[in-house]
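We call the chains A, B, C and D, going by the order they appear; numbering starts again at 1 in every chain.
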Amino acid sequence: MKLTRRQTLASLGLAAGAGLLPRLALSQDAGAFRIGALNPVTGAGGPYGTGMQKMILAAAEAVNAAGGAGGRMLEIFAEDTQTQPQAAVLAAKKLIDVNKVQAILGTWSSGVSLAVIPLTNEAGIPLFHCSGAPALSVPPANEKKLGYRFQATNDRFGRAFAEIAKKEGFKRPATMAFNNASGIGNTEGFTRAWTAMGGEVVASVVYEPAQPSYRAELQKILDAKPDVIVTGSYLADTTIILREWYQTGEETKWIIPAWAANPELVKALGPAVVEGIISVDSISNEGSPAFAAYDAAYQKAIGKSGLGNVYAAMAWDMVTVLALAMEAAGPGADASAINAKMRDVANPDGTKVSSFAEGKAALKNGKINYEGASSILDFDEFGDVTPDFAASFIRNGEIKREYQVKL
Amino acid sequence: MTSFVELLLSGITSGLIIGLAGLSVTLVFGIARFSNAATGDTMTLGAYGALMGTSLTGSLLAGGLIGLAAGALSAILAYVLVFRPLQNRSPISSLLASIGVAFFIRAVLGVVFGHDQMVFQMDLVRPFRLHGVRIQPNDLKFAGVAILTLALVFVVLHLTPIGRRMRAVADNPLLARVSGIAPRPVMFTLWAIAGAVAAVAGILLGMKTVVSPESGWDMLLPAFAAAVLGGIGHPVGAVLAGVIIGVAQELATPFVGFTYKIAISFLVLLLVLLVRPRGLFGKIEGVR
Amino acid sequence: MDAYLIAIGTIAGIYLLLALGLNLQFGLTGLINFGHVGFFCVGAYTSAILSTKGVPIPLSLAAAAVLAMLAAWPLGIISIRLREDYFAIVTLGFSEVVRLIVTSEGWLTNGVQGIAGIPRIFRDGAGEAQAVLMLGLTLAFCFIAILAMMRIVRSPFGRMIEAIRDNEEAVRSLGKEPAGFKMQVLLLGSMLAGLSGALYAHYIGYISPDQFIPFVTFQVWMAIIMGGVGRISGTIAGVLILMFFLEGSRFLRDFAPFIPEVSMASIRLGVIGLALILFTIYRPQGLMGDFTKR
Amino acid sequence: MILNINDMSKAYSGLVVVDKVSIRLHDCEMIGVIGPNGAGKSTLFSLVTGFLEANDGDVVLDGRSLGRHSAAERARHGMVRTFQVPREFANMTVRENLMAAAPRQSGENLISAFFRPRLVAAQEKEIGSRVDETIAFLKLERVADSLAGRLSGGQKKLLELGRALMTGARVILLDEPFAGVNPVLIEELSSKIRALNARGIGFLIIEHDLGALSRLVSKLYVMDRGRLIASGTPQEVLADPLVREAYIGGGLA
């Protein structure tokens, strides 16, 4: 088996071409509005990516069924980020250069969004993402104000933690953060908000993942005698830390983000260990009609409840909000005209609507306010959603929501 | 002071796990003569085996034995399919192939079990105090299992005919072949033991932490460091070195910063190679 | 030209620089460097940090190459005389420590947040023209590197490193010190990796510590092993295979919808693993034949 | 040329492998070292040439102590060894093997290799002609461009000898030059060694083929369990009862 360099090159080109062909052959109808669905189908985001992609398709179908937006049908080009910046950049380049998409929706991890946003900025098209990193709100990443965040920032989570800690009457908080942008974002947000209230953080630790033991880290925290430990952590490390903490015999309270303090954690550790833990979540819009519509679509596409994939709900909202903005901007509007209408269709002071069809009709009579499936979906000046938060307490193995926190 | 002692105890427990992994590395190195990068993922495999076994039989002990068997079996398979065909080639071939084996095991585990964490359902108990020092019963159990495993391995190595033959091969493979010690049963025993020991390390790690397809690979560097520090090919050395590394990690990180925890084992590795390339207990070694 | 293929070509060029360095180290000299990604990382961060602070890009590229080399130097002093598998472990550890350092030293590297907004090398003109220029620059570096490799292979230096690969003891018995040669090879390969990292940083525009995991090193290993160890043509072929594999899996879903998407990352890992095993056992000389038939 | 090996000793964790061995090699002598398997002969060679670190003892070549020098430095001073199992550069041709052995090549410096091509080319030409001579002397013309790994055992021994010659060695330590070599080639090899000796190169030879060795050397040293137990002319040594005893089961010819 001897391949010359030329043959190898040729076969590579051929194969790549063959892969592209079916997509290129899709009706690249000049009138359609082309959208790139760039999701973490494989890699760490794999559990969510497929659902996100399918919900983008489903929402686009709903828009097209309602006669399109701004006189145009939506056409979706789906790609996988592999939850890796390098692969995501290649995919984004393909979407922008080959498919000529006019918006990219659904990047998930902060690393990927940070890598892709320079490309969308340069192409002058919007990027809708659900990443937590605060850096995505401000220049250079968001200098063109084309980036929209459908998930609360980690910093905002941190502020919610501080509000809850204050409300619960804690005096001596300590923090533990997983060493990544999201984990540190949470605890730094907390520390900033807490010290702004005049409080003091008695100890803080940033730890590396994948350790056989977190005893030394815990010891440092516990030595400061905190009354509550606030974490920016994930499920695996939270499991290990709580297990070791319980076995030290200390009685401390915990405030943990809901993606870590969830039923899985209760199952892994048993009710005795997790008793009294405060789990903090941004409030999704579970009771809303928009959520019901999304949930039905999710059931149909995946066969599971839409509750299990909050990012898929965000992806659903991304398409709907984009289509509403297109409708508001009118036929033939370009990306910047559409971008200018984003807050007009999503933020308050308008008729509350919960689907594209409803909104399209209401737009004829003036301003609308889309209330989404993932949250009520209001954007601040940075293009970030500003959801409220809920504090849930784990009691007897049940996670019960007790009150809301408005920031 | 009590907190120092507590950290020390905790370090010894994690150190024993590192030491077990290092023992597996060092056994393979002593007899099969290459650094087995698949050790970490054999650990993971053992942990998953034990998880499956526990949920099938409902007993942690039976599950652990199943995990142990899974580790041994996979190591023997790797030997028969990969390392035996390579045994007359340079150790580098085996090392490279062992990385392939590592990736392959991890990929299979990822496909079969997914990437969500899994945990051993264990009773968590509050510690008791001895002169003010908190002693965690589970730590004692882990240490007990680790020490029992070590004892068994040393019994096999020193008190059984096959163990004596293994040590003979380790001392001089050429001589052993000439003098008629058939290497084949020796090799099978070696891989069974190496796989089982790695599996025990993986199971203990899984009980202490959580099980995910990546968890074993992260232990590879500490395991190698333990093997080198102990004097590669030297079982007792590997275990003691593992304990030293475990203790060093727990005690030193509050000073150097927690994010540099993994770097400690690398530092130990470098220092040993610089100062005493033979390791703490190294015998004659082709030092160049 | 298709913009997507230009993008693939650029990434392939970046990988090729990495692979050429590793081929010099392993294929020609027998150095088992399992920490190649560490030097790639040093290069990427050097150029990213300097250029975002306003240093002109040609300078930051040069600094990246030099700094990666400088990082290799103490490592070489400590470990170059070690047995080959010790060297492998030490280099693997080195790359992990580099990753820990860029993770932890946030004041310099912005830690886990990574460095965003790294300026592109070509900023004027249309997007397509920029992309073609970047591809051109990357391939030009590859071309220079390939010419240099060919020069090295034909020189007495090249003869000596191949002798070291074949039998280090014999080299010493002839009165030559292998360590010096190996050190130079380590430095050269690291320089290429550093340059490659710098190009990568400017091309992707965003770097963070989790992009520099050992898996990258082993992808490059797979490339040179599949292509043919010790041969420049093999290195090129290997990188093309690697790109085809990495990008091809993007299209695999169109043809094999039965593979669950979530497993795809595992499958990629498994294929790399299998390739390493099968090629080491059955075709150690790689697809392009081995160094013996240059 | 005078080589003095003084009180060479080596022990591994208490086990003495080489025990105070002293050997003297005067102008252009050829000396044989014999002894049963495991007597420490090869270890002695490694100690002398610096491949193993000695616990004690020294090597003095022409009045210069080499005991603290690295293996490569010792080789550069003119003391070159071969190996019991040939260590050819298997993936290089015979010619390349020999070219690589030539000392002081400026092309081995990367900077010269890149920026002084003419100097390097001139040197290569000069080395090339010396290699041609060596190949002709060793009668390796037919395999000059074959890969060294494909040579027969005897040819590999010749090649190692050739490489040693290319370094300009003054004394060569041959470790079992006749092992695995067919009888015809043994004669060939012996005659080459004799010819080189006549040109002024000293030889220290470990060999089990006592017949061939006795015809070659003027003096034999006998080692057993790490110690020298006898020395003298081949006739004297082979008649020594101590030697005979040491060799029982060792297969004395």
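For this structure, a couple of remarks:
The rule is simple: contacts are C-beta pairs under 8 Å (C-beta built on N, C-alpha and C of every residue); 3 or more make two chains touch, one makes a residue touch a chain.
Everything quoted here is computed from the prediction, not taken from an experiment.
Common neighbours of subunit A and subunit B (chains touching each): C. More inter-chain C-beta contacts link the pair A-C than the other of A-C and C-D.
In terms of Cα centroid distance from the overall Cα mean, chain C ranks first. Ranking every chain by how far its Cα centroid lies from the centroid of subunit C, the top place goes to D. Here the CA centre of subunit A is 72 Å from the CA centre of subunit D. Taking each chain's centre as the average of its CA atoms, subunit B and subunit D sit 44 Å apart.
With centres defined as mean CA coordinates, subunit C is found 33 Å away from subunit A.
Computed centre separation for the pair subunit C/subunit D is 41 angstrom, with centres defined by C-alpha atoms.
Multi-chain contact residues of subunit A, defined as those touching 2 or more other chains: 46-47, 179, 208. The multi-chain contact residues of subunit D, meaning those touching 2 or more other chains, do not exist; every residue touches at most one other chain. Residues of subunit C in contact with at least two other chains: 100, 103-104, 169, 262-263, 265.
For subunit B in complex with subunit C, the touching residues are 34-35, 82, 85-86, 89, 91-93, 95-97, 99-111, 114-115, 213, 221, 224-225, 228, 257, 259-260, 262-263, 265-266, 269-270, 273-274, 277, 286, 288. Interface residues of subunit D facing subunit C in the complex, by the touch rule stated above, are 49, 51, 70-76, 80-83, 87-92, 96-97, 99-101, 103, 105-110, 113-114, 120, 123-124, 147, 149, 163-164, 166-167. For subunit A in complex with subunit C, the touching residues are 1-3, 5, 8-9, 11-13, 15-16, 18-20, 22, 41-43, 46-47, 49-50, 79-80, 82-87, 89-91, 93-94, 96-98, 110-111, 114-115, 117-119, 122-123, 133, 135, 140-141, 179-181, 183-184, 208.
Interface residues of subunit C, counted against subunit A in their complex, comprise 2-5, 7-8, 11, 100, 103-104, 111-114, 116-117, 127-128, 131, 200, 203-208, 210-211, 233, 236-237, 240-241, 243-244, 246-248, 250-251, 253-254, 261-265, 268, 287-289. Here subunit A touches subunit B in the complex through residues 44, 46-47, 179, 205-208, 210-213, 215-217, 219-220, 223, 235-236, 239-240, 243, 246-249, 264, 268-270, 272-273, going by the rule given at the top.
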